Structures are given as structure tokens and as C-alpha cells.
Amino acid sequence: MAKHLTPETKISTTNEQQILVRNKDLVNELMGHVSFTEMFFLHLMQRMPSKGEIAIFDAVLVTLMEHGLTPSAIATRLTIMAAPESVQGAISAGLQGIGSGLVGTMEGMAKNLQDIITAEEGLEASCLRIVNGFKATRQAIPGFGHPFHKPDDPRTPRLFEIARQAGVEGHYIDIVTTLSKTVDQVYGKHLTINATGAIAVVLSEIGVPWDVMRGIAVVTRSAGLLGHISEEREHPIAPFIYSHIEDTVPYTGKRTLDD
Amino acid sequence: MAKHLTPETKISTTNEQQILVRNKDLVNELMGHVSFTEMFFLHLMQRMPSKGEIAIFDAVLVTLMEHGLTPSAIATRLTIMAAPESVQGAISAGLQGIGSGLVGTMEGMAKNLQDIITAEEGLEASCLRIVNGFKATRQAIPGFGHPFHKPDDPRTPRLFEIARQAGVEGHYIDIVTTLSKTVDQVYGKHLTINATGAIAVVLSEIGVPWDVMRGIAVVTRSAGLLGHISEEREHPIAPFIYSHIEDTVPYTGKRTLDD
Amino acid sequence: MAKHLTPETKISTTNEQQILVRNKDLVNELMGHVSFTEMFFLHLMQRMPSKGEIAIFDAVLVTLMEHGLTPSAIATRLTIMAAPESVQGAISAGLQGIGSGLVGTMEGMAKNLQDIITAEEGLEASCLRIVNGFKATRQAIPGFGHPFHKPDDPRTPRLFEIARQAGVEGHYIDIVTTLSKTVDQVYGKHLTINATGAIAVVLSEIGVPWDVMRGIAVVTRSAGLLGHISEEREHPIAPFIYSHIEDTVPYTGKRTLDD
Amino acid sequence: MAKHLTPETKISTTNEQQILVRNKDLVNELMGHVSFTEMFFLHLMQRMPSKGEIAIFDAVLVTLMEHGLTPSAIATRLTIMAAPESVQGAISAGLQGIGSGLVGTMEGMAKNLQDIITAEEGLEASCLRIVNGFKATRQAIPGFGHPFHKPDDPRTPRLFEIARQAGVEGHYIDIVTTLSKTVDQVYGKHLTINATGAIAVVLSEIGVPWDVMRGIAVVTRSAGLLGHISEEREHPIAPFIYSHIEDTVPYTGKRTLDD
């Protein structure tokens, strides 16, 4: 447990007529003046974004919002069937699946980029060290490979293009290009930089720390899940999913029913 | 349980090189072209928003994102202390508190507005019927009153101003004005239209159904909670909260310790 | 929001060498002396259960723990695939589905029993009033009917038998018997008292308030969900569920892929 | 993502009149015949427990159920205030805090015991290697030390006593005794084996795998949290906690209110 620091918060304060959030007046300086994306960036980075940063942040949020019938979306749909009174519960059920298995690769990629940038051994040597390390332990290298999008994830070049147009230095894009060549060489086949990998790159370009990246996915995915709740209400498929899985997954226990 | 409909989804489909979301090409028509807010509106309402609708949707998201050390924020901060590995878990813990007690008034206000608009008895008569109904059962009338912001919640006139500037017809704003007068008259004192009440009004102006309104609060509040996680990591106060509550809430059980 | 009462708790206190929970010494009077079921009952009801109450409480917990591939179990399995590091998150995802749609009927049955017991009009008249009320509004009457178990849910007579053997007065069992006859008569066909309905009856017999009944289901179902996590680790089926649902639920959006 | 295995489940199957769970007939062999603890053990370990195993499992569940106003309990209480309609949401909010920071030490202890048991270097050498490893990286050694219970956690000797009486071989208890001596020697002061550490020991004695141990804590803690919901309803303290934290944690942002 962390030591007890003097308790304090710099986020927000209020009186009868004024609300300050991150040193801005909510009513007079934020509402009607900034977008969700600007407000979110301000809250997270403690400064207003530039136009380029807004473009990149929006592109990331738009990329991650919706992916169809993912495990998260299925969990949310089954939950809203079982507990229709709790939109917050159904969204939370889906958000639990934004974990190390499906989106966490973003963090792994960001950490690898950080490792490379601070390594003293030079770009190519550090790329080789890292890729060899993953290969030796038979772990998937975070941010590379995709089950459907082959040979390349179409979102990746688009994200890099948006970032370039937004005026980033391109330092991390350059690094990941070398890292990607090393991956192909060491594994002996082409593995695409996937969308979550590319997101780690462009968020690193604008200074977003790796340890909030998963949280950004959680936020925009919650919007995606609300879209699924909305469709589920119009045209429910959770009852089908439930009964279909029951019918499709056979019981193979030792004892059988006394029919 | 709902009847089994033919299973189908209109949300998204994909192949190796293309991803469609709500009938738009994700890579070529959405990424780099639309903001988070436009994408969220598209997903929820199944059409692109007008400029005015974007302004209103953004204002709503900005208004609700952050409210300081709310019950939700405290829950999130305590959770990230206990399970630092799970950002999704800490956000989910906070989101559970977006319930009928704190934000649900939005839904109640929206339902009352809908009731008034479809009533045959005329505006003033239906307002009177509704307000009297709540007073008779000693229930708080949803969307009115605020513990801190007196005499009026400063966010409310700002939201109406933004909506007017965005070019809404103002039908719901007119209704709530009459409803508000009726409230003051029946209760014999001034109760402000609060921010969640006003949000129900402006979202109704742009056709958002009442049953996704709470979900919109969940989405933007998740961004607010990520800001709290971020501050908690820089300057943890959860250990203080935990030990302070333990010290401040006395044990009053019958049996005492054998000191 | 509730009024501010003087803060206090009667649940637990501790010093360096002693821990009191509900007026018992944890180390010397509870650990090694009471079962989980007794401890849970003590915590909830603030008194130790009798032998008969233990038998009934155990029967309820055993009945509800596990139901195969329910919506909750599917949500938990998909979540542990996506976030294998968070057992608490996977269980929580499943627990969100213990809602009004699937287990809440317990609460509805318990409230109806309470209504009947306090009604002045007599047993048969109040049963008739309640059943007619549900029929008139085309709502399912809570605790009656089951999609699979026909003509009768086999758990129901067993629960009543266990309760009788445990020595309950049988007041609520008598009431539900009359209520059940009324249901069959009003609906013109036999609807079984289902397991959650029967649980409401036997828990009412031992004085458990209706507003914690759903919570009891949450507790025992969390044990069931851990069993699913355990099987999922030995023999994962979540990847099958995910890809199978994607394959089985057709995309029917207006725009198709540019193949 | 895991490979697609043939989908199957051995947990449960059902027909109109029979329900099998883990190869037992729910109605005729489990309800009224086994306790919650036996059913939970059966589900998790796929065999019925011996009397001694029941005693140990019960002792573990009883030890972990309730700890007063923990971070989890505070989160649950704040949530039930904000969303009183969702018992499942309030319990889930609290369960998110059963993470690596507060209960995960159980897993760490169990892994260390496993490491020692399979090491070829002998008991004392492997204990020394492990303790030195934690000290060198300045990490807390899992299962040792407690902020309040000094010099020793009173639950630990009680758990070992219960396990001995239940007839365990005592292999893991012996190991932890040596490990504990090594800890004191290397750190130069006495660190108690804490309750979660001791639970890892006694669960290892009866063959429970380390990767479900956190889940066992989740299950029994959910019962504890329901107790807090119950007390919160009788005597709410969440409104006090909320306003007290707001009053006690000062705002230290750069910009101040325009009073």
C-alpha cells in the first residue's frame, strides 16, 4: 500500500455559481467551447491539445470504438437481457474484457518503444534484442500480427498518415518501422503492425503515457457497447446466443441423464 | 425473456482489407474524418449529426464528464489502489454508481417531457397533473433541485443557450419552462432545473431516446474516472481515504474488544 | 440522497490481537467453529441460525450455484479469455447478469407473499386480486412458469420438503399453494412454481427480507462462475463462442463490403 | 487467443425432470445433502471433499468473508447509495478491489511454495534464494507482514491448528516455517505470516491450485459485501463518506474560484 501523502486533488472545485475543472471554468470556458475529445485530453494530459493532437486523439477514439460482435459486445448483450434495468451494469460487463488478452498489447508495444528509445545500444541492436527476447520465450510480440487482416491491418497506415498530417515528429513511427523489419526478419515471415500497436505508436508521438492507454480504449469502447445495447433493444439477439450456445456446446461429463 | 428473433446485426462487418461500421468505411470515411462525438452519435442514432447536433452532444458530454470526488470517483480510486493491474476494473467500479440515485433523474425528466407532449389535456394541465403526482407521493421530481447550486444550477441556462444557438426548435425547452413554473408554484419555493434535468431537455430536442441517456452519462463519466486514476497514480489519496474512514466511522457494536 | 446520519458501523472492529465480527471473536469463536453458511447467515441476519435454518440456507445456496452455460457463465468465460489476469473482473462481468430479468422474480414472489400476508381481504381474495393484476397488465407473474422444466420444476417440491423437515411453520408454503391454484385457474393452464419462486418462499419462512434475496443469488452464483473459469482454463471454449457467434449472426446492414 | 478446441463442457446438463451438476443429481443428491462449502469444493475440485477438507475450506471462507470498512466495502456502500436498484452492481464494484494489491499476496505465496517444493537445491537454499530475490528488488515478499496485527497475525496459528486437526500432512506448513525463519533473518526483523499467506499454505495442503485462490476470496467477500449493503440500508453512512471526503480532501489546483 502506498504511503499516506497529504490528501489533495487538483481536478475540480465548485461553489454555488462556479465549477472549475482542470483550471477551466466549466460553464463559461468549456461547455460550448470544447469538444468531448478536447475535454478528455485536457483532463488526462492537464493541458489543452493542439489541432494536431486533437486529430490524432479523435482518430484513435474512432478506430477503437466499435468492432462488431466482440467478446465484450456479446457479454454486454447477454447482460442487458438478464438485467435490463442496468445500462451501467451491461456496459461494465463488456468493459471487463478490455484486458491484457485483447487490448493490452497497446501497453506492451508502448513499453517496447520506450525501452528502445532509452536504450544505449542503438536502434537496430535494441530492436533485435527485444524481438529475440519474445521469440526465445515464445511470447507473442505485442502490437504485431492479426488473425483477419492480412497481409496488413488497413488501420495502421491510415493512423500513421493522420499522425504525419497532424505534424508529429515521427520519431516513434520511425522506430516502429525498424522494429517491424526486425520482426519480419527474426520470425521469417511478415507480421503486420496491428491497429492497437499503431495506436500505441501515435499516442506515444503526442506524449500519452503507456499506463493510461488501456483506459482510453475503455472509454471509447463504452460508447461502442452502448450502440450494441441500443441495437439489442431494437432487435434482441441475446436469447438466440444463449440458447444457441447451450445447443452447440455438448455436455461431455461422465454421468448422463436418466432418460 | 424476449422471443427468439432471427439473429442479425447491422452494426459492423469486415473482410481482410475493409471494415464497415454503421454503413461507413472505417478507414477511409471515418478515421481522420469524424470526431469521437460524431462517431458516437452515428453509432447511437444511425445517422450523421448536423453541426448543431454535434454542438449539443459535445456540450452534454463536456458537462457530465467530471464532477470531482463523487461516489464514483472515490470507488474508482479505492479500486485502483487495491487492483492496480486493472484499469478496466477500477473504471467499472466507478461506473456502477451511474444509477437511479444520481443520474437517473435524466431519464425521469425525459419521460415526464414525453408524457406532457403526448397528453391531450394541454400543457399547463399536464404539468400540474405530473407535479401534483410527485408531490402527493413525496417523491423528488426528477431534474429539479440541487444541493449546492442555488438558487440556480449555472449549467442549465448555458445548455439551453447552446441548444438555441445550435438551432433547435425549442419545443422541449418551452415545455420545461412551464413545468418549472408549475414546480415552483406547487412546492411554494424555487427549485432549479438541474444539469441532468437540462441535459434530458436538450437531448430530447435532438431526438435521443430516453433509454440511452443514462448510457451517455456512463460513456463520458468513464473519461472522468480515467482522469482520477491518472491523478491517483501521481498523488495517491486512496490510502488516506481508507484509513480516514476507518478512523472516522466509530464501531458501535454491542460487544467490545478485550483490551 | 439519504439524510446524513451519525456515521457508525456495528459489523466489525479489531485491535492488534483480536478481530470481532458481528459480536463474535473471529479467531476463537468463528474460525474452525462455524461453516461459511453459518457465518453468512450471522452476517446477514445478525444472529446465529438454528439447525433448520442452516439446512434451508444451504439448500438455497446449493440450488442456485450452478446452471450450466447461462448468460452469466458465457459472459464470464469470454471475459477471462480477454483479461486472464483478472478473476475478479470475469466474475463481476457474470454477476452483472443477476438482474431483474433472470433472478429478480425471487423478489417479486417475496413481495407478493408479503402483500398477501398483510392484506385484510383474506387469502383467496388477495391471491385472486394479485393474479388478476398481473394478467390484466400482461406481465409474467413472478416465480411461476419455466421454459424447460415441465409440467413442474423438480427443485420446488424438494425445497419445500427440506423446509418442512427443517421444521418451518409452513405459513408461506401454504400461501403459495393457494396462489399457485389461483394462477392455474386464472390462466387456464398449469404454471409450475419455479425454483426462484420456491426459494423466495423458503427464505421468507426463515425471515430473510426480500431486499437481500437477489444478493444471496449473487454470492452463490459467484462460486458457480469460478467453476466456469476453472473449466475454461482447462478446456477453453470462449474462442469457439466468439468466432461461432461472429459466423452465425449475419450482418444485414444496408451497405456491403467492396469485395 | 487460445486455439479452438472442440467445444464441450463437463459441468452440467439438464432435461425436463433432472439436473446434473458435476456428475451429481442436483435435486436428489445435492440439495438437502451437501452444504454450500461441499458444493463449492465439488464444483472447483471435481470431487467431494473429505471431512478435513471441509473444515479447512470453511475456515478459509470464514476468515476472508468480512474485514470491516475495507476499500471494497466503501466502494460497495457508495454504489448502493447511487444505484439502489442494483445489488449486483454494488457487490461487483466492491469485488473489483480483490486485486493484486490486497489479496493477490495469496497467489504470490502459493507460487513461492510451489517453487520451493520443486527446487532441486534443498529447502533452506531455495528459501534463501527467494527471500534474497524479493529483498534485492525491494518488493514486499508475498504473505508476510501486516500493518495492524503485530507481532503476529492471530489468524495464522489458528489456520495452521485447524489444518493440523483436519489431518493434513503439513508439508506446506513445514516449508512456510522455514521460509518465515529465513525472512526474519534476511530482513533482520520479525515479519508475521499474515492471514492471506497462511490461507495460501492451508489451501495448498488440500491441493487447491494457486490460480483459483483469488477467486475463492472473491466468493466469500461477496457475502461480506452483502452484509455491508444490509447495514447501509438500515443505517446509511455513504452520504457521510461522500460529503466528508469532499470536505477533507482540499482542492489544490492553480486556479481558484472567483468568490
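All chains are identified by letter, namely A, B, C and D, in their written order; residue positions are counted from 1 within each chain.
The rule is simple: a residue touches a chain if its C-beta (ideal position, glycine included) is under 8 Å from a C-beta of that chain, and two chains touch if they have at least 3 such contacts.
Owing to the predicted nature of the structure, the values given are computational and were not obtained by experimental measurement.
Note on connectivity: the fewest chain-to-chain touch steps from subunit A to subunit C number 1. Ranking all chains by how far their C-alpha centres lie from the centre of subunit B, first place goes to D.
The interface at A-C recurs elsewhere; of C-D, B-D or A-B, the pair that shares more than half of its residue-numbered contact pairs is B-D.
Subunit B and subunit D have Cα centroids lying 35 Å from one another. With centres set at the average Cα position, the gap from subunit A to subunit B is 23 Å.
The geometric centre of subunit B is 30 Å away from that of subunit C, both derived from CA atoms. In subunit A, the residues that reach two or more other chains under the touch definition are 1, 7-15, 18, 22, 68-69, 81, 83, 85-86, 88-89, 92, 96-99, 101, 237-238, 240-241, 244, 248-249, 251.
By the touch criterion given at the top, residues 1, 7-15, 18, 20, 22-24, 83, 85-86, 88-89, 92, 101, 147, 248-259 of subunit A touch subunit D in their complex. Residues of subunit A touching subunit B in their complex: 1-5, 7-19, 21-22, 26-28, 30-32, 34-37, 39-40, 43-44, 55, 57-59, 61-63, 65-69, 81, 86-89, 91-92, 95-99, 148-150, 154-155, 158-159, 161-162, 165, 211-212, 214-216, 218-220, 222-224, 226-231, 233, 235-241, 243-244.
By the touch rule above, subunit B contacts subunit D in their complex via residues 68-72, 74-75, 78-79, 81-86, 89-90, 92-94, 96-102, 237-238, 240-242, 244-246, 248-249, 251.
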